[in-house]
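In what follows, subunit A forms one complex with subunit B and a second complex with subunit C.
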Partner chain A sequence: MTNQPLSSSNPRVDLEYRRRKNAEEMRYQVISFTLMIFLTFVAFGVVAIKGFTAWFVVPFILLLACVQVVFQLFYFMHMSHKGHEAPSMFLFTGVFLAMIMVWAFMTIIWW
Partner chain B sequence: MQAEEKLTYETWPASPERSTLEAKNKFLGFWLFLGGETVLFASLFATYLALKDKVPDSSHHLAKDIFELPLTLTATMLLLTSSLTSVYAMYHMKNFAFKKMMVWLSITVLLGLGFLGLEIYEFNHYVHEFHHTFTSSAFASAFYSLVGFHGAHVTFGLGWILALMFRNYKRGLNLYNAPKFYVASLYWHFIDVVWVFIFTVVYLMGMVG
Partner chain C sequence: MSTYAQKKGFGATIWDYLTTVDHKKIAILYLMAGGLFFIMGGLEAVFIRIQLAVPNNDFVSAGAFNEIITMHGTTMIFLAAMPLLFAFMNAVMPLQIGARDVAFPFVNALGFWLFFFGGIFLNLSWFLGGAPDAGWTSYASLAVHSKGHGIDFYVLGLQISGLGTLIGGINFLVTIINMRAPGMTYMRMPLFTWTTFVASAMILFAFPPLTVGLTLMMFDRLFGANFFEVAMGGNTIIWEHLFWIFGHPEVYILILPAFGIFSEIFSTFSRKRLFGYSSMVFATVLIGFLGFMVWAHHMFTTGLGPVANAIFAVATMAIGVPTGIKIFNWLFTMWGGSVKFTTPMYYAFAFIPSFVMGGVTGVMVATAAADYQYHDTYFVVAHFHYVIVGGVVLALLAGTHYWWPKMFGTMLNETLGKITFWLFFIGFHLTFFIQHFLGLWGMPRRVFTYLPGQGLNAGNLISSIGAAFMSVAVLILLFNIIMTQVKNVKVGNDPWEDGRTLEWSIPSPPPFYNFKQLPLVRGLDAYWLEKMAGKKGLTPAEPIGDIHMPNSSFIPFMISLGLFIAAFGAMYHVDDKPWALPVLIIGLVITFGSMLVRSVKDDHGFHIHKEELVQEEKGAKA
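Take a look at the complex of A and B:
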C-alpha cells in the first residue's frame, strides 16, 4: 500500500475514478442494508404469525440470521475486499471453534 | 507514507486504514481479536442454549412468558441502522471528508445510546415485573450474562467512538487517526453481528418455545 502507483500520469483522473468507485460501493452498502432490514422483518414476522411449527421456524430464522451476518461481514466490514486473507482465517477459525462449542454444550455437557 | 504527514484531498491514499505499518498491524491485530471475541460469545451462547428455561420451580417465568417482540424489533432496528451510519462515516473517511465523518459518527453514537436505553429499560422491566434477576435461576444467569455482555460491548464501543471523536476534534484526518476510526467502526459492526444472533437465538427462538 505504500506509495501506490497512480493509474494515470494525471493524479486528478485517478482521484475521480476512486471517488466514483467509493460512491458505487456505498450504493451496494445501502442495498445490502435494505436486504438486512427485509430479512429481519421476515424473521420477526414468521415468529409473530404463530402459524408455523417450531421445526420450520427455528432452522428458518437461523438461516436468515446467517445470511444477514454474511452481508454484515462481507459488505459492512469489507471482508469481500482484497487483503482480507488473514482476517478471514482468524474469523473462520473463531466460527469453527464457536460451532464446536455450541454443539458440545447442547449435546454432551448437560445430558 | 508517514503517519504524521499532513495530507490533502489529492494526496489521501485509497486505503488510509492500511497505508502505514502501524495501520497494517492494527488492522491485523484487530481481526485476530474479533476471532477471539467470536469464541468468547460462542461460549456464552452455548451456556444460554444449554440452560434455557432451566428454572428451579414453576413460580419462575420462562423465555416465552417474558420476551416481547416489539421491544426487540425496535432495538434491532436502532442497532442495524447505526451499523449503516458507521458505514457512511467510513465512506466519508475514505473521501477525506472529516466533518461529514464526524456527523455520521455522532448519529451512530445517538442510535447506540437509544439501543442501550432500551436494554436498560428491558432489564429493569424483567426484574420488577417477573422477578427475573441474575441469581433467580440458571436460565436468568445465562440470559443476563449473554445479553448483558453484549450490552457492555455496546457501552464500550460508544465510549471508544466518543473518545476518538473528542481527541481528534481539532486535529482533522491523518494517517495516524484514520486506522483508529476504521478499527472502531469494525468493532461496532461486530457488535451488530453478535446482536443478529442474540435476537434470533434468544428472543425469536425464545418466543417459539
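Take a look at the complex of A and C:
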C-alpha cells in the first residue's frame, strides 16, 4: 500500500498517512543529500590541504566513497524499504565475495 | 487451444522449437543439445582410453591427444553437464513451485541459443585448423603461446555459452524468488528447487570472474595485450586464480542440482518425507557459500606459501561437513522407508558409496602437504571423475529416467534402464578405481602414452575396458529412448505412483500453461499431502480465469547467431584476412539489430480465455 500513487482510486490509501510518510522520506533525502555534498567537500579538502600523506588520503577517500554508496543505496534507491530483502542479500553476498577475492589477490599474488 | 493438439508437419515442428519460449520445450532443447555434446565428449573419452590402453600406442599423435583431452573436459563440463542440468531445472523447477513459466521466457530461450551457438563454435575448431590444446583449465602460460586458433575457439566459444548460462541462472533466481504459488514458502520448496536456487546464485557470482578471465585472454591472444605475459610485466598466475575462482564454484554448481535430483528420488521411492529437510537446505546453502572460499586448493603447488595453503586446505575440508550431513540424511530417508527399487533408485543407491569415495579422496588431495605428491597424477583424475561421474552423471542418468515421463509423457523401459545402470556402474568403477593406484604408482596426468615395463600396463588396460562398458551402457540408453518414443505409450499424471511434489499433480507432459488454476500449497511435499488426505489433486488457489502467455519469438536465435558470426570475424582478424572485419561488423549488427527490434516492437503476448479452459475441461471429461 505504501507503493500506491497518491492519485490511486484505491479507497484504502490513507492520504494523511501517505503525506506524512512522504514528508518524512523527503526529510531523509535532503539530510542525506546534504551529507553527501559535505563528504564530497571533505574529500576535496584532504587533497587540497597540504600536509596529509598519500597513505592517509587514499584510504580515507575510499572510505568516504563507501559511505556515499551506502547513502545512495538506502536513501535514494529505497533499499531501506520493505520488499528489498532478496536484492540486498545478493548485493551484500556479492560485495563480500568480491572483497575476499581482492584480499586474496593483494596478499598472495601482488605481495 | 484446439491447435495445440493438432498434428504438425516436420517443418512446423522445427520452427516451433526454433522460436519457442516455453520452459518445457526449452528443457527438451537443452536435453537434446546437452545429450549431443555428452556423446561427443564421450567419444573423446573413448579415444583417450584407446590411446592409453596399451603402452607406446600411436592411435593418435601427441598433439591430437592434447586436443582430445582439452575438448573432453571442456565439452563435458560446459556443454554436457551444465545444459543437461539446465534441462531438468527448466523442465521441473517451474512445475515444482507451481508457476506457469519462468520469470523471463524470452531470456530463457536466449540463454539456450547462446549456449548452443557457443558450443557449436567451440566444436567447429575440429574442422577449422585444430581444437584447443591447453587443457580444460587453459592455463595462460600454455594457452597464450598455443599455435593456431584452438585457444581462440575456446575463449570465444566459452564467452558466448557462458553468457547464456549466466542469464539462465539469473532467470531461475528471479523465478524462484517471485513466482512461487500461494503457500509455497521457501521452506516448503522441494530440494531440487532449493538446489537450483543455490546453484543459480553461485552461477551469478562465479561466472563473472570467468568472463573477466576470458576477456583478458582474448585481449592477450587477439589484440596484442600482455596481461598474462611475464616477459612484458604481466602475471600468468592471475589466469589460474580467475579460472579457479570460477572453476571451483562451478563444480558445486554441478553437484548441488545433482544432490537435489537424488533427494527427490530418495524420498519418492522410500515413500517417506526427506529426513532432515531443514538441515538439507542449510547444508545446501553452506556448501554454496563455502564453495567460494576454496579455489586455491587447485593451486597448492603454484607456490602460494604455507599460510595460504593451510587456510585453503582447512576451508576445503570444512566442506566435508555439510556434505556429510546430506549423506546421512539420505541414508536416514531410506531407513524405515518402504523402498521401491526402480531404475532411478538404483542410481541413487549406487551414488552414495561412489560419491563418498570421491569425497574421501577429496579430503586427501585437500591436505596441502600430501597434495604435492598427488598433484598432476592420475590420482587427481580418479578423484574428480569419482565426484563428477559418480555424482553428477549418475544424477543425470537417474533424472533422465525419473522425469522422462513428465517431460515426454512416456515411460522409459525399466529392464533396459536397469541393464544400463549395471553396465554403467560396473564400467565406471572399473575405469576409475584403478586410476587412483595408477596415480600413486607415478603415472602423470595428460601424458599421451607411457613406456612398457613401468607397471602401468595392466592398470591402463583395465581402465580402458571399463570405458567400453560405459559406452555400451550409453548405447543401450539411446536404444531405450528410441524404442520408448517409437512405441509412444502415454502415461498419466503420476506414473511412479509415489510422486510427492507439484509436478506430478498435472498431466504428463503438462499443458503449455502448466496449471489451469495455480495450486494452493499446504506444506512440504504438497501433492503427497493431498493424496494422503484422500484428494485427487491440489486445491486451486484461484478461480478459473484468463491466463496470460508470452508469444513465441525468433529473436533469441538471431541475437545468438549474430554473436556466433561476429566471433569468426574477431578470430580471423588476427590473420589479416580482408573479410574478417566485415564479418565481425555484420555479426554485431545482427545481434544489436535484433536487440533493437526487440526493444522497439511491443509484444504483449496473448491470453488464453477462461471459456477455452472451461471448454477443454468439459472435452476432457466427455
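By our rule, the second predicted complex is superposed on the first by the 95 of 111 C-alpha atoms of A that agree within 3 Å, B and C clash if a C-alpha of one lies under 4 Å from a C-alpha of the other, contacts with A are read in each partner's own complex, and residues count from 1 in each chain.
We take it that contacts are C-beta pairs under 8 Å (C-beta built on N, C-alpha and C of every residue); 3 or more make two chains touch, one makes a residue touch a chain.
In this text, all values refer to a predicted model and were calculated from it rather than measured experimentally.
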| item | value |
| --- | --- |
| Joint occupancy of subunit A by subunit B and subunit C, clash or fit | fit |
| Touched partner set for A:Thr93, first subunit B, second subunit C, both or neither | both |
| Touching partner for A:Phe33 - first (subunit B), second (subunit C), both, neither | first |
| Which superposed partner A:Ile109 touches (first subunit B, second subunit C, both, neither) | both |
| Once both complexes are placed on the shared chain, angle at subunit A toward subunit B and subunit C, C-alpha, multiple of 10 degrees | 70 |
| Partner, of subunit C and subunit B, that touches more residues belonging to subunit A | B |
| Which superposed partner A:Val47 touches (first subunit B, second subunit C, both, neither) | first |
| Smallest separation of CA atoms, subunit C relative to subunit B, angstrom | 5 |
| Intersection of the subunit A residues that touch subunit B with those that touch subunit C | 86, 90, 93-94, 97, 101, 104-105, 109 |
| In the complex with subunit C, residue positions of subunit A that touch it | 86, 90, 93-94, 97, 100-101, 104-105, 107-109 |
| Footprint of subunit A on subunit C - complex, ascending | 173, 177, 201, 204-205, 209, 235, 237-238, 241, 245, 292-293, 296, 304-305, 308 |
| Interface residues, subunit B side, partner subunit A - complex | 1, 9-10, 13-15, 18-20, 24, 27-28, 31-32, 34-39, 41-43, 45-47, 49-51, 69, 72-73, 76-77, 80, 83-84, 87-88, 91, 94-95, 186, 189-190, 192-193, 196-197, 199-201, 204-205, 207-209 |
| Parts of subunit A lying in touch with subunit B, wherever the complex brings them together | 1-4, 11-12, 15, 18-19, 22, 25-26, 29-30, 33, 36-37, 40, 43-44, 47-48, 54, 57-58, 61-62, 64-65, 68-69, 72-73, 76-77, 83, 86-87, 90-91, 93-95, 97-99, 101-102, 104-106, 109-110 |
